[in-house]
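Note that subunit A is present in both complexes that follow, paired respectively with subunit B and with subunit C.
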Partner chain A sequence: MKVCFQKGILWCRWIPVIALASLVGCGPVALPERYQAREVPVTNDGELAYQQVEGMNERIAGVMKEIFGGPGEPKMPADAPASLKVSAKSLSESASLYRRHCVHCHGLSGAGNGPTAPFLFPKPRDYRLGLYKFTSTTADAKPTREDLLNTLRIGVVGTSMPAFSLLDEDELHALVDYVIHLSVRGEVEYVVMEVVADEDMDESELLEIAVDEASSEMARWENAGDLVLMPETPEPEFTEASVKRGHELFVSADLQCAACHGYTGRGDGPSAEVNPQTGQPLLDSWSERIAPANLTLGLYRGGRRPVDLYRRIHQGIKGTPMPVLRSAFKNNPEDIWHVVHFVQAIPYMDLDPIVVETTPAASPAEGD
Partner chain B sequence: MFSSSLKKMVVWTGMFSCLLWIVGCGGDSGGTPKYATKKRPASTESQDSATENSSKDSGKKAASANQKADGWGTLKGTITLAGDIPTLPAVTIEKDVEVCKEHASVNETLLVNSGNRGIKNVFVYLGKKPDEVHPDLVEASDAVVDFDQKNCVFLTHALAMHVDQDLNLLNSDPVSHNTRIQGGSSGEANPLLPAGADPQKFKFNRKTRNPVPVSCNIHPWMKSYVLAQDHPYFAVTDENGAFEIPNLPSGIALDLRVWHEASGLVDSAGGEVVKGKWSVTLEADVTQEESFDIDVSSLDVE
Partner chain C sequence: MQKLWSILFLGLLVFGVWFFYYGMTTPGMWLPDQASTYAHDVDYLFNVILWITGIAFVLTEGALVWFLFRYHAAEGRKATYIHHHTKAEVIWTVVPAVILAYIAYAQYDTWNNIKRNPMLTGPEQKQAMAQIVARQFEWRFRYAGLDGQPGVAGVDDDNNGTADDWDEWGYPGSDDVESVNELHVPVGEKMVFHLRSFDVLHSFFVPDFRVKQDAVPGLVIPLWFQVLENQLESGQAYKDYDLLCAELCGWGHFKMQGKVRVHTADGFREWLRETEQKYRDPG
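== the complex of A and B ==
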């Protein structure tokens, strides 16, 4: 060392510096005090929903921070029901867990825009709409905590969402706490954004609107448990006759399953094509392209238990073109199970599209 | 000799660590809020500007709030098209042809009256709930609104309603439809309505800022728009392009909004309406006529 200084070799000076730098390393990245400003939504016509006004993002961020804190110190509104935060971990710890496991896809504010997101299809969920596709609840209800836990435990098969089954139960609950936090926050933020864009209000009025909105959103989360759909009839035995009945219903004019999923269940029905009127493919409520499930794969994103399929058919899939089919079964609720059985059988059947298409479509009213 | 080297070393070390500190760990310092490394200074700055802005805004607000409505007035008018009336391509019907072809082939994206050039299905509505609503209109919002479809056409192509009203989703066709209402966080629904289905109720969670689309995935040409407001001041133009909104607050500047599906927020040819915003002040007990043209070039029609 001494030699090195005496000879005045310049680079020698850097040795301690480099040593120090390597000791310091890449410590924790300082978190921003607030979430990234939300982009102005684009309407269905491809136009911006409103014009950005100067200072608007700062006003929105100010109100949001007041109620929900920032990524470093997130908090729920003062009147949050206890059922929305179950984990023993604080919300800050939950947020930290979220940043370790989820942020790279779902983004810091839960906008589904993490650094990995552009490379994924389907896109990671944007929580801010408050819409979740795979739930046990009715079409207009929020998911239950158990629904979100299930998604974490088993992942979403056929997508980039992995199973987080190696995390312990409290960590899973912590992540659900934080996802609910981001979801409520996102929905309130949207309303605040609309109000700021349209109305001339002072900060206290704005805050009041945001707090009210948060309360009604949180109430919907809290009530989700009361809106779980239980099968109307017990599942009949899985028989060939049941599968056959399901097939008839699947291709029937009433149910119109084949319009999107195709006669062989490959997801290639006529309605799955680009809409000749608008030039657009099928879109979901996040304005992302969505394809009807290819049922020949036997991959069921919302779970493969018969009751999962039953709920997908009975109450549809939120935010997607998959409709609530309940009213088609008003006379024969048990028929839903037959369709479930057929869907379960599709991967193992050799369906001939030509034969099926020439068969007159059976109507459930005429059947049985 | 050694001590001066040591001093230099300490100075260099200090300078370099400062540099590291500022640059951060490979983070960009482009000033974007995401993962900003300079935590405190940046945020206090934005915080300051936020409070500054808000105080400005509240000052403006105070000025406008002092003006109170002095009564009630009625706004009526006609919205007409300037320029050649475009001929839209007919809708291609490939499904349930026997049921659908009779009516569904009319392209409803832009309906212009060839006689008086009036544009049908333009939404005109107050952008925000006024402080006071005319007593006659407070009660009027309980009725259920029917939303029906026949011959693969939504019978109400443009529907304005109060957010407290229920939509009654019906199907008068012998074929199945799914009525997909995409209100985003204002409320979503997508019931399948087979022939003879029981009516399905739907209610929005909150008002929609602008009209939201309703479609049917089984018959992809079917389209409609629904607007739900938290006040009773809205109208949709008829086949003559005429609209009327009665009993609006008078004596204050009203911020109306004008929306049509072929343009989204409307820009009028004469500049009265810019990006959908239309400012009108009414006199008490007077029916005021305000009409304007929309230039065909501002509409997105092929």
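== the complex of A and C ==
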């Protein structure tokens, strides 16, 4: 008994030592000098898009650091328009806010590769492509600042992106400032990578190309506000007739919504997994497998307002196989609203696949 | 050295009592405002249990210190082994049993009022003002809108004779409105909410209202509260309270916060109208 007791005492005196040791990990973390280098993209055949050249990453990092700084002291290019940095906070403070709220999913360089990212589906957005899915603007335009703020305020339902509506307005603007910074930086980095891989250039020429590219990207961000899509016709009343008309259009050969979203809207159409023309799986611009939305859930990632759904149909969803459908409604733009009404009604309807299959328009997937 | 353990445990006793005394007498350290009608009842039970456990703590710690002090190891002293003592066993069985029976009796009305109120289930249930959906890591609220009916009032598409089917929440063309992380409520009204979870266990917790209810995936759990009229001073348009998740729900649990904004009755209807307007607004 006595021996055990003494052993217990001996063991006990290590407790404060262990407790102290565990505090060591709580100090401030040193930030890396530069953002993580972008990996060379892989083509559809599984080959690297560019040959890795000796010292390539160092050269790219040098140019990028010159223009954009590092995670600790980020900066916008010298000629950045004022509308891209609205918050009263400095970009370093914005980056610090980003590290508190966003970095564990979106990663230090905005590559969507934070520590939590491997466990999430869908994957966090990689900002470096400069593509944003849920915007109010036309298909090839950047999002407006308001679009990004809206995503922060309401989150993206059905994904792991939560709402940050309790942050104050200036903090939200600060985060948007920094996301734009990372986005422009990522796109410029890609161009610099292409140039370094292909051509023999000295550093000053490389820098010039990067600065030009940054200017043109920033101009696109600045002009996004002029490219907001407003509905061509006012929304008609939500009626049964409107839903019926929307249903006809949904399964029609012109629109082919059902080919991916399925005849009952479950996202299980004949082309939902593999594109029948190419035999390739459906991928988004980030090379991730992507599934058509299951419309029976009533969860709309880009927002549930009628005008949000209108924009998804009118201008498609950027970076995804969801196409721009404007041309299919040339003669009758009001029809877009009928499809919106049908999509809104899907979760509340008992759609019978057999009834749908007997309609003449539903030809491509009869046997499915 | 022989007295070390008795001094150590005496210190614990003194510190424990002082700590609670300090917390209770320092403004802002003890319980938050009693902002709902049943907050007072919940606090009463909390205090009853705190006093019972507090007294038990002092008595048992006191006995422990006394025995450590009086009977510590000494040269030539042999421990005695007490095997059976009916009187002691009866006392330590009956006393806790009486205390537990008292707690069970004392809490009955409060529990019934909060968790088994006729407003929540059964034939007399009240129409829910909103549906609360907990999700990693945010709160979503969907209101029945100005008509007080979820979906289109009177729609009954499964023909079961009731128009309040959950499936009709947010029925297109209705005036239902949605809000994220901000629960808006009118002051002084008895309100029922239906709590659901999108993914894992969460817990809806408003400390000032003494409301805490787990959200369980697959279940629709009704809860109710009524904010006291005196919470808004005259002329005050609204007041904010914290809303927290009280169930560890994942890595982002810490940021699963929201706020409850208590409006005047008119202010609440105005908020509903504005939010509905924003939903329709193309822009």
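Everything that follows uses one rule, which is that the second predicted complex is superposed on the first by the 329 of 368 C-alpha atoms of A that agree within 3 Å, B and C clash if a C-alpha of one lies under 4 Å from a C-alpha of the other, contacts with A are read in each partner's own complex, and residues count from 1 in each chain.
Heads up, the rule we're going with is that a residue touches a chain if its C-beta (ideal position, glycine included) is under 8 Å from a C-beta of that chain, and two chains touch if they have at least 3 such contacts.
What you see is a predicted model, and the numbers here were worked out from it, not measured in a lab.
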Inset, instruction - Report clash or fit for the pair subunit B and subunit C bound to subunit A in the combined superposed model. - result: fit
Legend entry - Residues of subunit A touched, compared between subunit B and subunit C (which is higher): B
Inset, instruction - Report for A:Y190: first if it touches subunit B alone, second if subunit C alone, otherwise both or neither. - result: first
Inset, instruction - Classify the contacts of A:P323 with the two partner chains as first (subunit B alone), second (subunit C alone), both, or neither. - result: first
Inset, instruction - Would you sort A:D168 into first (subunit B), second (subunit C), both or neither based on which partner it touches? - result: neither
Legend entry - First (subunit B), second (subunit C), both or neither touched by A:A61: first
Inset, instruction - Look at the superposition and give the distance in whole angstrom between the closest pair of CA atoms, one from subunit B and one from subunit C. - result: 19
Legend entry - Interfacial residue positions of subunit B with respect to subunit A in the complex: 1-2, 5, 8-9, 12-13, 16-17, 20, 24-27, 32-39, 43, 46-47, 49-54, 56-58, 60-62, 64, 91-92, 94-95, 127-128, 175-176, 178, 180, 182, 184-185, 187-195, 197-198, 200, 205-206, 209-210, 213, 217-218, 220-221, 223, 255, 261, 263-265, 275, 300
Inset, instruction - Mind listing the subunit A positions that touch subunit C in their complex? - result: 101, 104, 116, 153-155, 157, 160, 162-163, 165-166, 230-231, 234-235, 237-238, 298, 304-307, 310, 341, 344-345, 347-348
Legend entry - Footprint of subunit B on subunit A - complex, ascending: 2, 5-6, 13-14, 16-17, 20-21, 24, 26-27, 29-37, 43-45, 47, 49, 51, 54-55, 58-59, 61-62, 108, 129-131, 139-140, 187, 190-191, 194, 198-203, 216, 253-256, 259-260, 270-271, 275-278, 282, 285, 316, 318-328, 330
Legend entry - Partner subunit A, residues of subunit C touching it in the complex: 135-138, 140, 157, 167-168, 170-173, 178, 180-182, 251-252, 255-259, 279-283
